[in-house]
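My structure is below; once you've seen it, I'll send some questions.
All chains are identified by letter, namely A, B, C, D and E, in their written order; residue positions are counted from 1 within each chain.
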Amino acid sequence: MFEEQEIVQVTREELLDRILSMSNEGYRLVQIGCTKMEAFQIDYTFDKDYKFLDLRLMIPIEDAQLPSITGVYGCAFTYENELHDLFGIQVEGISLNYDGNFYRIPVVAPFNIPGKEHEPEETPESKE
Amino acid sequence: MAFIEKSPWIFHFDGSSCNGCDIEVLACLTPMYDVERFGVINTGNPKHSDIFLITGSINNQNKPVVEAIYNQMGDPKVVIAIGTCATSGHFFAECYNILGGVDTTIPVDVYIPGCAVRPEAIIDSVVQAMAILGEKRKKRKTNGGALPAEAGIKT
Amino acid sequence: MNAFFWIAGYILLAPVLGGLINGCDRIITARMQSRVGPPVLQPFYDVFKLMEKDNLTVNRFHGYYLFIFLAFMLVSGAMFFGGQDLLMVIFAFIVADMFLVLGAYSTNSPYSSIGAERELLQMLAAEPMMLLSAVGFYMVTGSFHVSEIVACDKSLILYLPGVFAGFCYVLTIKLRKSPFDLSTSHHAHQELVKGITTEFAGPSLALIEIEHWYETILLLGMIYLFFAFNPIVAVLVTLFIYFLEILIDNANARVKWELMLKSAWLATIILGGGNLLVLYFILHG
Amino acid sequence: MSWIIFLILFPLAPAVLLLLFRSVSVQKWIVLVASALICVAAIGLAVTCTGAQPKYFSITSSVVNKLVIAGDIILALAFLFVCRRLSLKWYWIPLLVIVQYGAVVFYDLSGRVPAVTQPLFVDNLSVIMALIIGIVGCLITVYTVGYMKHYHEEHPDVPDRRGSFLAAIFLFFFAMYGIIFSNSITWIYFFWEITTLCSFIMISYPRTEEAWHNAFRALWMLLLGGLAFSMAILYASDSCGTVDFRHLLQMNKSAVLLPILLICFAGMNKAAQFPFAKWLLGAMVAPTPSSALLHSSTMVKAGVYICLRCSPILENTASGAVVALIGGLSFLAGSAIAISQRDGKKVLAYSTIGNLGLIILCAGVGSHWALWAAVLLIIFHALAKALMFLAVGTVEQQTGSRDIEDMHGLISRMPLLTITMLVGIAGMFLAPFGMLISKWAVLEAMAIRSPIYPPIVIFGGSLMLFFWAKWMGKLIAVVGPAPQRERGIGIEWTALFGLAVLTVLTCALYPFVGYYLIQPLYGQDPILSQGSICMVGIMLGLMVLLPLGFFIHWKNLVHVEPYLSGANVSDPHQFMGSLGNARQWSFRNYYMGKFFSEEKLFRGSLVGSIALMVLMFVMEKL
Amino acid sequence: MQNRTVIPFGPQHPVLPEPIHFDLVLEDETVVEAIPSIGFIHRGLELLCRKKPYQDMVYIAERICGICSFIHGLGYSQGVEKIMEIPIPERALYLRVFWSELSRIHSHLLWLGLTADAAGFESLFNHCWRVREYILDVIEETAGGRVIFGVCKVGGVRRDVDNDTLKRILARLEEIEADYNTIADVFKKDYTMRHRFSGVGVLSKEDAYKLGAVGPTARGSDVAQDLRKLGYAVYDELDFEPVTESDGDCYARCLVRIREVNESFQLIRQAVEKIPGGAVDLKVKGFPEGEFFSRLEQPRGEVVYYVKGNGTKFLDRFRVRTPTFANIPALVQMLGGCDLADVPVIILSIDPCISCMER
């Protein structure tokens, strides 16, 4: 029994408009997540009456910038600060900006350390 | 007779534990285990406490907190590292934000491994800590009230 | 000479008695929570342990306030058991409490300062009823002197039931029991950490504990006055009231300051003031 | 007799001299010498004139009476002169002046006012008042010299007329001594109105818009009291056939209740009781010494003094009970409102209203015990309140603020000044200092009278404790190394230390005060039993001796930083904030504006007190 | 100028079992502003997916949080199972529901205790935890652990519980529920508890939805949102309705949890009655390739796992969005204007699980 999950690709330019229309349609922001591939894959996940919708945005690693959506979804400030601290993505105009102190970690953008994800450390128990 | 062995006041801080050990520490205070039988009071204030129960490993952000709290405890004092995370960091030791077990930051007197630690083990560790407290008090007396060398981590 | 023995007895025995009562309190509390609880001598262990600990201070001044605090507590209790003017006893008691508050302020620490402020609120709530009780005693016995109130053969409780009820109400505040343990609490887990005592550690904290025992005995002594016509009944009722306090402690959450202040003042005005008004008309036609 | 005449007339000399000599150093010497002389004279009077019986002095020459009438006329003209600036909106102020003076002068000139054969007198209450005015008043005057120097340095926009300010103070002494030594109510009326004029001069001193406004408000409110007083004179002359205060007080209660109530009305008006409290609050715009003078030792004390004089008539009358209730209401309201104030001077103002209310309460009850307590209250309040005003004034000059929150940790910055302030605060509310002894005496006195008064005293006292204690707490917080020290406090120290020492001394010596001064007035000391005195002695000893402990150096103290939930950083005044940078922590006292709202309480008290005032006069018929 | 009181609340504070920090700005006792600070428990375990093979990640997922450890394991396993399209045996699914609900009861009881303690009701705390110990006994008997169950795995569950034991446990649960109901009555009726809870920390329905609140926090504000309605495991075959209250204050949130415990007892009963026979485990072969947002209902609310596999034994991305993280904005909103004494109660009313939140 698994739900259907709809994923919609958007571009950085149309992001804010889409977010606004999501808000107008009464969607609830579930989460903002990021996955580092060849580019950063940013997922804005929404839900309305158990209906799942994901806006997916790809931004290049070299130009890791995003507009903030806190103007529409005020609660997004936690996610956006997280994106900044863990991935090093610059989010412009967060309502409550921790400026890198959301997680006070010794490593800058640990999820964005190059090369690591392709050569995972071989641990003894992983050899099956 | 050392009264400190009869009245160990504890105080708990969650380093970066998963909660498993924390709730077991709290469970020790409740009817099933009732550590107050040994005179234990959970004070919640480092200045009033003799035993510092710390769960979870040390990360960059809570290191100054742990140091500050430890420095605010009056001697004689004992630190108990509760759970595998607190003793060695567990598998989180591989994480980027984990510095390791509690002994990377403050001196630890009692280690109890386990994931999660069982309340019985925590009670046992407190009982052991009581004996250590007694010894520390004796040492303090012979040192003429001087502080033991390990006290007062300076940051 | 008799008064002298009472004073000496208070100064020497009150901590012992107070500590024992506190020990029993902890056991009864534990039983009410389905726990076993500590040994009955546990409060003494605690205090002796605290004596052995480091004397931690934020600055070197605040310790003195505690000494003055204890000194005034002793004076207050000694005056009470020496049979002196009850109003003076209560004033000295207030002064004692004031110095605890001042000590907390002087540490210049946010939590103890807020604790001090709340302690003042508690005093604001409790003090009128205590003084009103003294006035009640006076109206019945014609004297403010404890010795004469005790010697009075009228059963005070029959004249002052409302005052007694009001006094019991604020007793909870004075004993720092739930629901009125706002400024500090014997238990942990209070929003102000330890409130007023946050910054006092080691021997200083031991001093506060000992003072608390003296305070308990003094307050119980005031309850005794209501039943002084029959010492046996008086002692029994006093103990029963203390038990009731433990029960209330265990059956209530901590309330917020507004409710405390309002309810304590209402109790003072309605129970205490009402009682006195009725009494006045009965006594003076 | 000679002491009295000296005390009344002498202050006029420095007043005139101060107006003549403009040089600051000359003025300083005039003030110092004159103050010292007045002080000595007051003490001399105390030494020679205390006794069980009041002494009355006859003045045969009718010239003096003429002089008083002439003075009345001059005063009336002076009042009208100051009103020249007023717009028509305030038409009733000149009207008040014209009506009351017109009536009195007309009565006087038409010979309807009976002559008083012994217009001067002295008894122990006068002596106590004389001592307060002489000692406290003169210390304040000495302080003024130093204060005004700083004041004009800080307020270059205020024209420097310190000579006239100091002259007004001496004129004030003249009026005060006149009030306390006069036995004729026409004389008292004359002096009474001089104090009104002086207060107007002092309040308007800064010459700002606000100062003028407040000064005129004070003027019309105080003139209301004058009106009541003049009516009392008319009624007494017509119906009672005498304006001799002594004779009035000895007459049948029902016959003289109305004039006495009118005089009490004037007294409460001067003592800034509700509903007249507003003038006292407005008077805070004036330089601090004038606040100290008006609100601690002189002006308002004249009000309670006259009420105390009237209390034998008030005792056991319904109107007297209402007078007591008005005092009680002021006590409660003043104390409650003070909780919500954070301006040091405003707290002092409201607490003054409260304390005076307590004295009026005693006067209204009028039993010997209550009067005992009232006299004690007058003494202790004068000392401690004057000390507080002066200390706050100096703090304001030193730090630029009289906000209580800004006094956080003052003990680290200005230890000496803070200690004098602490003495003042302790004197206001802490056992066994004066005010608390008095409160205890009041309680003992009230307990037997009625079940209504004790709760008023108790609740008011508790409220008072709250705001004083939190202020004290602010002062004594130890904030660490002192960045700022007292500097440039010169001659003010004389007054501050003098008052601090007096506050403690009076407390230690109050049994003697009771024995020599009050006991002859109101009979055997009923309350202050041997045992209580002993206990007070022990407590005072503790209080004085224990602070010596501060100088002992304790071993084995382990220094730690304050508990900040583990968010400590290296500076103990900061913590690691949420946004990742060190943030200053701070602590502000509770003001509970919602609970003890100034606006609501003030309005409520106004309505209540006006109703009581009306009731007071209605009750007169009963 | 000290116009306001500014104090640090946390990271170490006796009412907070876990470190979280607030800069509290107060006026008298009223909170004017509260700025949260997290990260004291941040370990960075999401990155461990690059070091541990996907089967072992269950072990790590369970240790995201020690209170709802089972559901963390379950969420992760479901995500991987969906990607790999593994048909899980029915009995395993029923057992998963059984343990999920036990976990919910134990978590709610724990919360009830802590919240009573935060309100200064010491003995109620003790009694809640006394009952909780009975539940832990049941968990220990069936799963083997007290707080970390360690029974969930990709492909089913590690242990079977025989039907006799299940029946016996059902009878035991009856007794526990009766005991529990007397305690719940205290929460519902005690004057001081109502004084502390009702009208405190009000969150309107609109705000709750807009701020993305989840779980009992949202349901206390009348947002009927319970991810179990998605029908994962076998919830679609069980009969239940999301518990909601309309007041949106701490009291409502407390009532939601109290009623949910009863509902969980009910669900356990249904699950045990319907449980089919058969295996509980499936041998899993191959590596996940694909992605899935696995959504479940934790005791604290909706949890989202994003699992992305690339066909090797290491996952590309393992992301957890826990309910506490989603509730923080709502919490900040609720803290404005409350009393200092309410701060602990309000913080606890979202049932914060900091170690979940910060991973």
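List of remarks:
By our rule, a residue touches a chain if its C-beta (ideal position, glycine included) is under 8 Å from a C-beta of that chain, and two chains touch if they have at least 3 such contacts.
Keep in mind that this is a model prediction, so the values were computed, not measured.
Contacts with subunit C and subunit E are shared by B, D.
Graph distance from subunit B to subunit C, where chains that touch are one step apart, equals 1. A centroid comparison over C-alpha atoms places D as the chain most distant from subunit A.
When each chain is reduced to the mean of its CA atoms, the one lying nearest the mean of all protein CA atoms is C. By number of C-beta pairs in contact, the leading pair of chains is C-D. Of all chains, the one whose Cα centroid sits at the greatest distance from that of subunit E is D. Taking each chain's centre as the average of its CA atoms, subunit A and subunit C sit 58 Å apart.
Between subunit A and subunit E the centroid-to-centroid distance comes to 24 Å (mean Cα coordinates, whole Å). Our note on geometry: subunit A versus subunit B, Cα centroid distance of 38 Å, whole angstroms.
The set of subunit D residues touching two or more other chains comprises 556, 558, 560-561, 563-567, 576, 578-580, 585-587, 590.
Residues of subunit E in contact with at least two other chains: 5, 7-8, 11-15, 19, 29, 35, 37, 39, 42, 44, 47, 51-52, 125-127, 130, 358. For subunit A, the set of residues touching two or more other chains reads 98, 101, 103-105, 110. Under the touch rule stated earlier, the contacting chain pairs are A-B, A-D, A-E, B-C, B-D, B-E, C-D, C-E, D-E. Listing the residues of subunit B that touch subunit D in their complex gives 13, 45-47, 64-66, 68-69, 71-72, 74-75, 145, 147, 155.
Those residues of subunit C that touch subunit D in the complex are listed here as 54-64, 67-68, 71-72, 75, 79, 84-85, 87-88, 91-92, 94-95, 98, 101-102, 104-114, 116-117, 120-121, 123-124, 127-128, 131-132, 134-135, 138-139, 144-145, 193, 198-199, 258, 261, 265, 268-269, 272-273, 276-277, 279-280.
Subunit B makes touch with subunit A in their complex at residues 59-61, 96-97. By the touch rule above, subunit D contacts subunit E in their complex via residues 403, 405-406, 408, 564-567, 575-580, 583-588, 590-593.
Chain contact summary for the complex, subunit E toward subunit B: residues 11-15, 17-19, 39-45, 47-48, 51-52, 59-60, 63-67, 69, 110, 113-114, 125-127, 129-130, 132-133, 145-148, 353-356, 358.
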